[in-house]
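Below: the structure, in C-alpha cells.
As written, the chains take the letters A, B and C, and residue 1 is the first residue of each chain.
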Amino acid sequence: MIIDVVGLSKTYRVPVKGEGLAGSVKSLFNRQYRDVEAVKNVSFQIERGERVGFLGPNGAGKTTTLKMLSGLLHPTAGTVLVAGYRPKDRVVAFLRSITLVMGQKQQLLWDLPPQESFALNRAMYGVDPAAYARTLDQLVAMLKIEPILQKPVRNLSLGERMKCELVAALLHQPQVLFLDEPTIGLDVEMQVQVRKFIHEYNTSTGATVILTSHYMQDIAALTPRLLVIDKGTLRYDGSLTALTERVAPERRIVVKGGPAELAELGFVPVDGDQVATVTAEETNRRLSSVLSRWPMVEIAVESPPLEEVMARYFHEGSA
Amino acid sequence: MTDAGAGARETPSGAGILWRAMPTLWRVAVAGIVAYRAEMVIWILSATLPLVMLALWDAASAAGPLAGFGQADFARYFTVTMVVRQLTGSWVVWELNYMVRSGSLSPQLLRPVNPLVYNFFETLAAIPWRMIVLVPLLAGLVVWRPDIVFAPEGWRVCVFLVSVALAFAVAWLVQAIFGMLAFWFEEAMGVFSVHFALWSFFSGYIVPMALLPGWISGVARWLPFYASLGVPVDVLIGRAGLPEVAAQAGWVVILALAGRIMWARGIRRYGAVGA
Amino acid sequence: MPPAGGPEALSSGPGPRLPEVLSALARVALMNALQYRASFFVDFFVGSGNVVAILLPLAVVFGKTDSVAGWTWDQSLLVTGFFLMMSAVMGGLVEPNLGAVVEGIRQGQMDYILLKPVDAQLVASAQRVAPAKLWDGLSALVVIAWGLHGTGWPGFGPITAAFCLMIAGVMAMYSLWLLVICLSFWFVRVDNLRYLLGAVADAGRWPVDIYSGVARVFLTVVVPVALASSWPAMALLGRLDLALVVQAIAVSLGGFAFARWSWKRALASYTSASS
C-alpha cells in the first residue's frame, strides 16, 4: 500500500461579508468568520502502481485532498501516509518520491527555455547527471518535444507547455504522481496525447497515478478505479463499470433510420432514428425481436455516457 | 475635470456612462478597501514620507530659520504636502503598464468605456477613503506639534481647493502618459522611476520650492512637477498665487492633448503588434 | 522506461547538494535578469539618478547650514554611502524575490517551491537578482570614500566594526523582508507593504539623530534601516564602543531567528491559492 488515508478532514476559516456597503463597513470593524469543511472524514487506501481518478463537482474537495496528500496543506484532522511518510512534514525523501502537476499553475520559468527549468529541478532534486540525461532523453522522446526545448516557455502553446510541465515534474522519477486537471484547456488531440503518455508512464515505471479532471474521457480512459468526492465526503470508491451498472444500468437500443412500426416494440423516434431504453437483462430479448422482424436494419446498443451517469449520481445524492 | 480623461472625447458616451456608474464604482472601491483591512493600515503608514523630510528640515532649522522657514513653517509645509500628496495620488502608470505588457488591456478595449477614463473615475472614487486615513494622522500630528495649526485667508482656501483638483489632474495625466510609454518600450517603469527622482526634487515633495537655489526654482516653478503637488501647498501657506494656478490649468490642457494623441497612436501600435 | 533500481533506490540517494542548488538558482536568476537587456541599462540610469536624488536635498540643506543634529556634510555623506550600499544589496538581491514570492503565492508557483526537497526559504530568497542594482554598490563606495576624504581615514578597528555592522544591518533588513513575506501568506495583497517598507527605509538615508526619540528607536529596532546606514557611519567616526556593536549584531541575529520561526509558522498555515 502506497497511500493510506484515515479520517482526513480539512476546515478553512473564511471571512463572511455582509451585503452591500453597510455590510462592508460592518465587516471592517467586526469581522465574522465561518468554518468551511472542505474535506470531511475521508478514508481510502491506494496500492502501488494503481491509477485512480478523483471525480466530483467544483468545490467538492478534490484539489484540497490532493494538496494534503502532497504536503502543501496541513490536515485539520486525520492521518495521511504517502510512501510511508507524513506529507505535512515535507521531509526530503518524501518530496523526492512524489510530484504534483497542476494544469492551472506552472512551475516552468516563463522567460527561459524549458531546458533551464529542467536543469534547475535536477539540482534541486539532487538527480545524478547521468540518470538525469537518460530520463530526460526518454521523456523527450515519449512526448516528442525535442524541437521546442530551446524556445522560451512564453512562446510555447498551451499543449507544449503542459508536456514540458510533465517533464519537469517527472525528472526525479517520483513513485507517486498527483495530477490536478492535467488536460485542462488542451485541445482534444493534445488531451489524447497527454492521456496516452500518463498511461504509458504508469505501465512502464509502475508509478502510482492519482488524477483529478473535469473531462470524463480522462477518467474513462485512464483510471480503472474511481473515488467520487462530493461536498467534502467520499461517496464512492470502486471501479467505473460497477458505478455505471449501479447508477445507470439501462441500455439504449438505437435503430438507425428504423421504420415507424418499431413503436409497437416500445421504440420512440429521435432525430430520425428509433430508440428504446431497456434494462441490461432485457437487452438481448428486445434485440432479437427487432432483428427477427427487420433483419437488415443498422442497430447499436449504448451505455449512458459517463457525463450522464455522474449527473444522475450527484442528483441522486442531493435528492 | 472630465476633460482631463485623456481619451474622453474618443468615446463620448464613455464619460456619461461613468458618471452614472459612479455610485457603483464607489461601492466597489469601498468593498475593495474593506476587504483588505491590513492594507488600510499600510496606507496610513506610507502616507508619512513627508514627515521624514520634516525631521531633516526640523533638525536643520533648529538653530534658526532657513530662508524664512522656521520649524513651525516646515511643520506646516510638510503636513499640507502630505495631505495634498494623498489627495492627488493615483496608480494609473502601474495599471496601464501591467495591462499593456500582460495583454489584459485587450478585453478592456471592448468595453463601451475607455479604460483610462474608467481608471480616472476609479481614482476619484478612492479619494474619500484616503481622507479617512488622513484624519487620524492629522489629529495625531496636531497633538504632537500644536504649532502646525494655522488659519489661511478664506480666498486662499478656495484657490487651494481648485489647485488641488488641478494638481490631481496633472499628476494623473503625467502618470497616464508614462504608462502609455509601455506601448513602445518594455521598460516604461524604469523611465517612470527616473521621472520620480526628478519629480520628488522639483515638486516640493522633499525640498520646499523657496529653498531651492534661485535660478533652479525660477524654472522649476513653472514645470509640471510643481504643478502636480507643490502649487496647492504653497498657495495655502502663502508662497504661491494665481499665476502658478493658471500654469497648472495650462499643463492640464497640454497634457490632456498630448495624452489623447499618444493614446490614439499607442492603441494603433498595440493593435498592430497584436497583444 | 524503468526507474533505475526502483523508486526507493532513488529517494534514498545522495539528495540535493547545497552548492549545486545555489549555483543552479544563481544561473537561472541571472539568465532571467539578462533576458531584458534594456532593463539592465535603464536600471543603471535609474540607479545613478537615485544617487543624485539622495545627495541633492542633502546638498540643499547643507547649503543653508553647517551642521544638522551634530552631523557635518562629510559625515552625512558616510550615512548616505552606507544607505546606498544597503539599497544596492536589498534592491539587487532581496527585493526582486519579494515580488516573485508575492506573485508566486497569488498564482501558485509557491506550491511548486514548497514541493521541492530544498529549504523553501532558500529557494524563495534566491530566485531572482537585479544585477544592475549592484552598480549602486559602486556609487556607494565612491560616496563613502568622498565622505572619508573629508573626515579623515579611520584605523583598522573602526573599519572592521563598520563592515560587521553593515552586514548585520542588511541581515536585519532581510529578516524584516521575510516577515513581510510571511504576512503575504495571510493577506495575499501585500504589494502596498513593499511600498511602505521602501518608504520607511528611505528614512535611513539621513543621520538617525535628526529623528526624535520614538522615531529613532523605531528606525533602529523595528525597521532597522539605521542599523545599516547610520550605525556603520558612527562606527567609522569612532562614536560607538565595542559593546554597542556587539549588541547590534546580537539583535540582528535575534531578528533573523524570529523571522525564520515566523516563516515556518506561515508555511504551516499556508492555504495555497485555489485553482
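The criterion applied here is as follows: a contact is a pair of C-beta atoms (placed from the backbone, for glycine too) under 8 Å apart; a residue touches a chain by one contact, two chains touch by 3 or more.
Treat the numbers as computed from the prediction; the structure is a model and nothing was measured.
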item	value
Chain-contact steps, minimal, separating chain C from chain A	1
Innermost chain, taking as reference the mean of every protein Cα atom displayed	C
Most widely separated chain from chain B, with each centre as the mean of CA atoms	A
Geometric centre distance via CA averages, chain C-chain A, whole Å	43
Rounded Å distance, chain B centre to chain C centre (Cα mean)	29
Inter-centroid spacing, chain B versus chain A (mean Cα positions, whole Å)	51
Residues on chain C engaged by chain A in the complex (per definition of touch)	1-4, 7-8, 10-17, 20-21, 23-25, 27-28, 31-32, 35, 107-109, 111-112, 114-118, 123, 268-275
Complex contacts: residues of chain B adjacent to chain C	36, 38-39, 42-43, 45-46, 48-49, 52-53, 55-63, 66-67, 185-187, 190-191, 193-194, 197-198, 200-201, 206-207, 211-213
Chain C residues within the chain B interface of the complex	36, 38-39, 42-43, 45-46, 49-50, 52-53, 56-57, 60-61, 63-65, 68-69, 183, 187, 189-190, 192-193, 195-196, 199-200, 202-203, 206, 209-212, 215
In the complex with chain C, residue positions of chain A that touch it	12, 63, 67, 70-74, 83, 88, 90, 92-93, 95-100, 102-107, 109, 111-112, 116-117, 119-126, 128, 131, 134-135, 138-139, 142, 172-175, 180-181, 201, 204-207
